[in-house]
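These are the structures in question, set out in turn.
Consider the two complexes below, in which chain A is the common component and chain B and chain C are the respective partners.
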Partner chain A sequence: MTGAAPLQQGMLPDTIAKLLGLGAFGVAGDVVAALLGAFLVANFLLINTAFAGPWAKRKITAAFTDRIAVNRIGPFGLFVIVADAVRLLSKELVIPEGVDRPAWDLGPILIPFSALLGFAVIPMGSGLQLADPETGLAFAFAASSIASLGLIMMGYASNNKYSLLGGLRAVASNLAYEIPLVVTGISVVLFTGTLQMSAIVEAQQATFVSVAGVAIPQWFAFVNPFAFVLFVLANVAEVGRNPFDIPEAPTEIVAGYQTEYSSVYFVLIYLGEFIHIFLGGAIAATLFLGGPAGPGPAALGIVWFTAKIWAFFLLTQWLRSAVPRLRVDQFIEIGWKGMLVLSFANLVLTAVIVGVLA
Partner chain B sequence: MNAWIAIGALAVMGVGIPLGMMAVSALLRPGVPEQGKSATYESGEIPTGSATGIQFNIQYYMVALLFVVFDVETVLIFPWAVIYQPALASGVGLATVLLPMLIFIGVLVVGLVWAWRQGAVKWVSSPRAARQKTERS
Partner chain C sequence: MSLEEPEPDVPATVEEQSPDEIAEMLSDHVIGREEHLNAPGYVIRPDAVQDVLSTLKTEAGYDHLSCVTAQEYEDRYESIYHLKKFDDPTQEVSVVVPADRENPVSESADPVFRTADWHEREAYDLVGIEYDDHPDLRRILLPETWQGHPLAADYDQDRPQVVPLRENANPLQEDQRSEQDTDTMFLNIGPHHPATHGVLHLKTTLDGEQVADVESDIGYLHRCEEQICQNGTYRHQIMPYPDRWDYISAGLLNEWAYARAAEDMADIDVPEYAQVIRTMGAELCRIAAHMLAVGTFALDVYGDFTAIFMYAIRDREKAQNILEDLTGQRLMFNYFRLGGVVWDLPEPREEFFEKTRDFLEDLPEALEEYHDLISGNEILQMRTIDTGVLPPEVAKSYGATGPVARGSGIDYDLRRDDPYGYYDELDWDVVTEDGCDNYSRLLVRLREVEESAKIIEQCIDLLEDWPEEDRTIQANVPRTLKPDDDAEIYSAVEGAKGELGIYMRSDGTDKPARFKIRSPCFSNLQTLPEMAEGEYVPDLIAALGSLDIVLGEVDR
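Up next, the complex of A and B:
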């Protein structure tokens, strides 16, 4: 971890402080620069979510089912994003009888909060990284886990039986797949010897093998494809997408924990879920796909990073169209009996291989 | 710059964006409260009884208990994984760094096998649900 000090340079708030000359104002200047950086990062995610939610999701599902989907407003129907935002925000907020008020309102705030917070440590390339603490990976996992709290609050406070069941299922699924996710993530740390996100990305720069003159980088997805598959699967379960979308399961419990939410709360929950998908993709990209690495100059980092998180989004939508939902008993058993055992086997094997090679 | 200032700034954004959207929505949306509209949704039936007092499968509780054990375990594995490679590089023997963790994981795997054989991770349907199940011929 000798490289930690220079890596701290070049974070987004530092760049902003340098550009605006905020360095002279001490801590106040730091706070302003950090807020501006955070505003940029949050808006980058909001834009991605705006494309993903009202537009790309419909287009992708339509393509899978041989339909056209939104195509009336603007080029390729893109202005439906604006129309949908206005439509959803101007809906009446129906407050059901007997809801547990502060908790019912706090749940939808917590979901996007937790997903956004996780992005604070993600290196997005082209100098877009807010912070790079030494505990980066643990922080990303911790921040994305806060969402469970919001889910159980929403489920319990809604005064609805479907919501309660959905909330319980959501927590059971997060609990069951969190451990395989984290343990598989740790197996990457065995290679890097650090939790710092920028250092994990840097460790993947070296050449793994050269095939016909093309240097294949040491991305951990190539070094340990088994761990990559496990991680992506656990990630899909963690963000509650098919085939692990048992918490929502529209045919069984209406919409799960979000049954009683309308208007802006509905938007917030969906916003949170989409940012969560992108966060899952971002953690997977950072750990296994070299983060913002890709062919071309380093300035293109953000393009590659965006492509990688959208690839994960596309995978979730593909699974949504192609794979049937698991039953709740299968879901629990795959998590605790399958993924958990496999992830520990992966950890031990990786440790042995790293140990023997070192 | 301290990394946690930037993380705190994003936390402020993470709260501010939802609150801002709620404020915009409060300005735009109508409010027409009616009887019936505010009933909770139970597929069109009139809701009966309290929702928070319903009985649900004990399995949710069992897996939560199991989770506590394994979550504490991952907390202990994190520091080991961080020092693993540097320790090997500085010449500490493989057995010294690997064996204690193998024993630690082994103990937990024994615990998991025990819970597995006890049926803690097997989804049991309640006797009443099994009795009321309609068989498809």
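Up next, the complex of A and C:
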């Protein structure tokens, strides 16, 4: 499985250490370089989220619903991001009586950080990858699952029945859809034979087929589209977007687990949800869409990667505008009776494909 | 599937009993006879209400308890049960139940008609009559702690009553229904909740996510509309208020309810030209109201802001613009007058006709889009088919009308069955669906929009060719209208939500002595527990959305 030039150019902390000459300081230098790298990656995602949350989400929804949305502040209404940041952070943080304090505070913190943690192993192209352990894929799934803990903490600690219902729904949905998600992810591992993210990306470099002189790379979305569709669906459920947004379900249980949160905590939860969408998109892109691969020089990797995670974001917004929400029992039923069976069927199918290709 | 017998193709004529036959049927329960303008009235003994009503229901076929009006006279209290037949609403009787001045008690009609439950609670709340054998005689519109009965003669109108929250029942009730039943959870849905469409409070008991018990707590938007109307003169001062009952663009439909009752009472003939304009305006209002109903129902099922909600609002806006051209207002039209309408179509007429025709032309395409997005969507069908089921017999017992009844296969539409305006001259159909579920009610509304468009188109054709010298928009109505002393009338029109009825009693002055509004939403909302119990919370919300209630009309 060799092909185009390697997309990976070493880990980001190493690059930083080399650039700043931190290698001379031993372990301390490594730590500083790692922290700087993490800071860079986190900020890259936060900037993406800042665009996605207060601005792009509004603009996209408006386009779907025949409206214009924010267009007064700055070019294309972009400065609304600043205005919203100031507005949200200056709101009063209401702490209801009877909330279970440490848990109530930890929940909103856990959500964005668990999502950010998942990005540690994602190869984002252009040398942007913090670490590349051999268990990379397992790490990404595990990190993103920590969010469930945050959700149930918030649901339980809020001392609000709507929150409790939302928290329970979140747990039920995460259980029902995490298994198909991971099992479908494993089908990719059958191809690559490794959990290492860079190796998974590398494995998709080869040419799959050539149509009229255009080489189509061996992205697993092309090799096994069925798995790709399953994975994206399970992913949408995992991040709790329509039609699977039952943990929040604004018209039913007000806002679910986030009912009692305001101000900074509200921002943190929303931040976490958006980073989660991006993480879902990032894992899907890495496993099925060749990660940062795309036409042009390898240095453009980050551009392609960003485009891919935004495409996933766009998909979630499209679904939100057009598809009705399932009822909670139907949702769980689809998870256990449909997705789970299909994901195992897919595993068998992939094994057959691997046998044929090999 | 409907539990009813399929309708015969030729509408069967419903057997009609003469007033004397009915009197005979009720035999010694009748202690007097009255003549109301719309129906014969039978004064019966206060302890024979259930006997009389069940006789009328089973033997004479009066299966629709439309309304219960309570009022106080100098020497007695009185409850009037306005009965009709679902098969032929022109056949009406009023059952008048007097109650003692000192100790106003009469028998409850609840075991015969479930709808009497809320109507009698309202009578108790506002007038002060007590009903024996009532399952749950509490206040319904006013807070539990209220002192006195506001429509009673001895009530001190000037004494303010402040009801602080702490005097009310604690909204944080015990979580369980009982000691033994520890698996349930009490949940307040509303008064502030994204899906209650206004200030409605549902006291819900959940078993897991399933609804074990739900009780509507209404009255948050009670604005004394009946009393306001009792203090206004027939000719001018009442007409602005109907706009404020069902304020979701159904204004003209509400105005027509009052106009019809008052015109029948004072014997005013409305010029034909004005009737055509009224019919057109009313159907525009119906389209606007149904668009909003469909849009918000989609909101309840889809969640958040979805394309379908905005599309519905976009198309409603076009109807709203035409209504604005016609009446000069967007929300509170105040366009009808007794004996006609306030002014003619806007000049230049051609422009108005063209605009309306453009709207009607675009409508089929828009409806196609709705069918693609909503009724054809498989997830929505999964969500709505066979949920919130309301069997026709139950719907009738609760006095459900409008799209709610027609979604349960009840072929009942006052525009056709008790014609007024210009409806009987036009070619259109009554829409019914036999599914009895949330989906049927949605379909009925979507298809009714098509029928309304048909009606408007025919009205436009008529108005275009109407000879110029014959365009009388108002009949001659005396400046001060004083209907005959002691005239009583109950008459209803088909509002956007169902049968909107007005009861009025005249005392010979220029103001009504009693003004009672029969709100379709009030009766329809009463069916919610029947639809929602045993369903999941999302279906409770969907059922509530499919009822299309407006709290302004429920609470009045």
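Note that the second predicted complex is superposed on the first by the 347 of 358 C-alpha atoms of A that agree within 3 Å, B and C clash if a C-alpha of one lies under 4 Å from a C-alpha of the other, contacts with A are read in each partner's own complex, and residues count from 1 in each chain.
Just so it is clear, a contact is a pair of C-beta atoms (placed from the backbone, for glycine too) under 8 Å apart; a residue touches a chain by one contact, two chains touch by 3 or more.
The model shown is predicted, which means the values in this text are computed figures rather than measured ones.
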* Consider chain A as the common anchor and indicate whether chain B and chain C clash or fit when overlaid. => clash
* **First, second, both or neither for A:L165, with chain B first and chain C second** => both
* **Contacts of A:I353 with chain B and chain C, given as first, second, both or neither** => neither
* To do: Considering only the touch criterion stated at the top, classify A:I253 as touching first (chain B), second (chain C), both, or neither.
  => second
* Structure fact -> Max touched-residue count on chain A (chain B vs chain C) belongs to chain B
* Have a look at where A:V121 lands relative to chain B and chain C in the superposition and call it first, second, both or neither. => first
* Asked: When the two structures are overlaid on chain A, which partner does A:V328 contact: first (chain B), second (chain C), both, or neither?
  -> both
* Asked: Which partner does A:D245 contact after superposing on A: first (chain B), second (chain C), both, neither?
  -> second
* If you stack the two complexes on chain A, which partner ends up touching A:I179: first (chain B), second (chain C), both, or neither? -> first
* **Partner chain(s) touched by A:V223 [first = chain B, second = chain C, both, neither]** => neither
* Asked: Between chain B (first) and chain C (second), which does A:R67 come into contact with in this model arrangement: first, second, both, or neither?
  -> second
* Asked: After superposing on chain A, which stretch of chain C overlaps chain B: 347-355, 509-517 or 527-535?
  -> 527-535
* To do: Residue by residue on chain A, keep only those touching chain B in one complex and chain C in the other, then list them.
  => 161-162, 165, 254, 328-329
* Residue ranges of chain C touching chain A (in the complex, touch as defined) -> 185, 187, 193-195, 209, 298-307, 309-311, 314, 373, 377, 379-380, 382-383, 536-539, 541
* To do: Enumerate the contact residues on chain B facing chain A in the complex.
  => 1-15, 17-19, 21-22, 24-26, 28-33, 37-43, 47, 50-52, 54, 56, 59-60, 63-64, 66-67, 70-71, 74, 77-78, 81-86, 88-89, 94, 97-98, 101-102, 105, 109, 112, 116, 121-123
* **Touch list for chain A against partner chain B, complex** => 1, 8, 11-14, 17, 27, 30-31, 33-35, 37-39, 41-42, 46, 86, 89-98, 108-109, 112-114, 116-117, 119-121, 130-133, 138-139, 156, 158-165, 168, 171-172, 175-176, 178-179, 182-183, 186-187, 189-195, 254, 259-260, 263-264, 267-268, 271, 328-329, 332-333, 336-337, 340-341, 344, 347-348, 351-352, 354-356, 358
* Asked: Taking the complex as given, what residues does chain A use to touch chain C?
  -> 61, 64-67, 161-162, 165, 242-243, 245, 249-254, 320-330
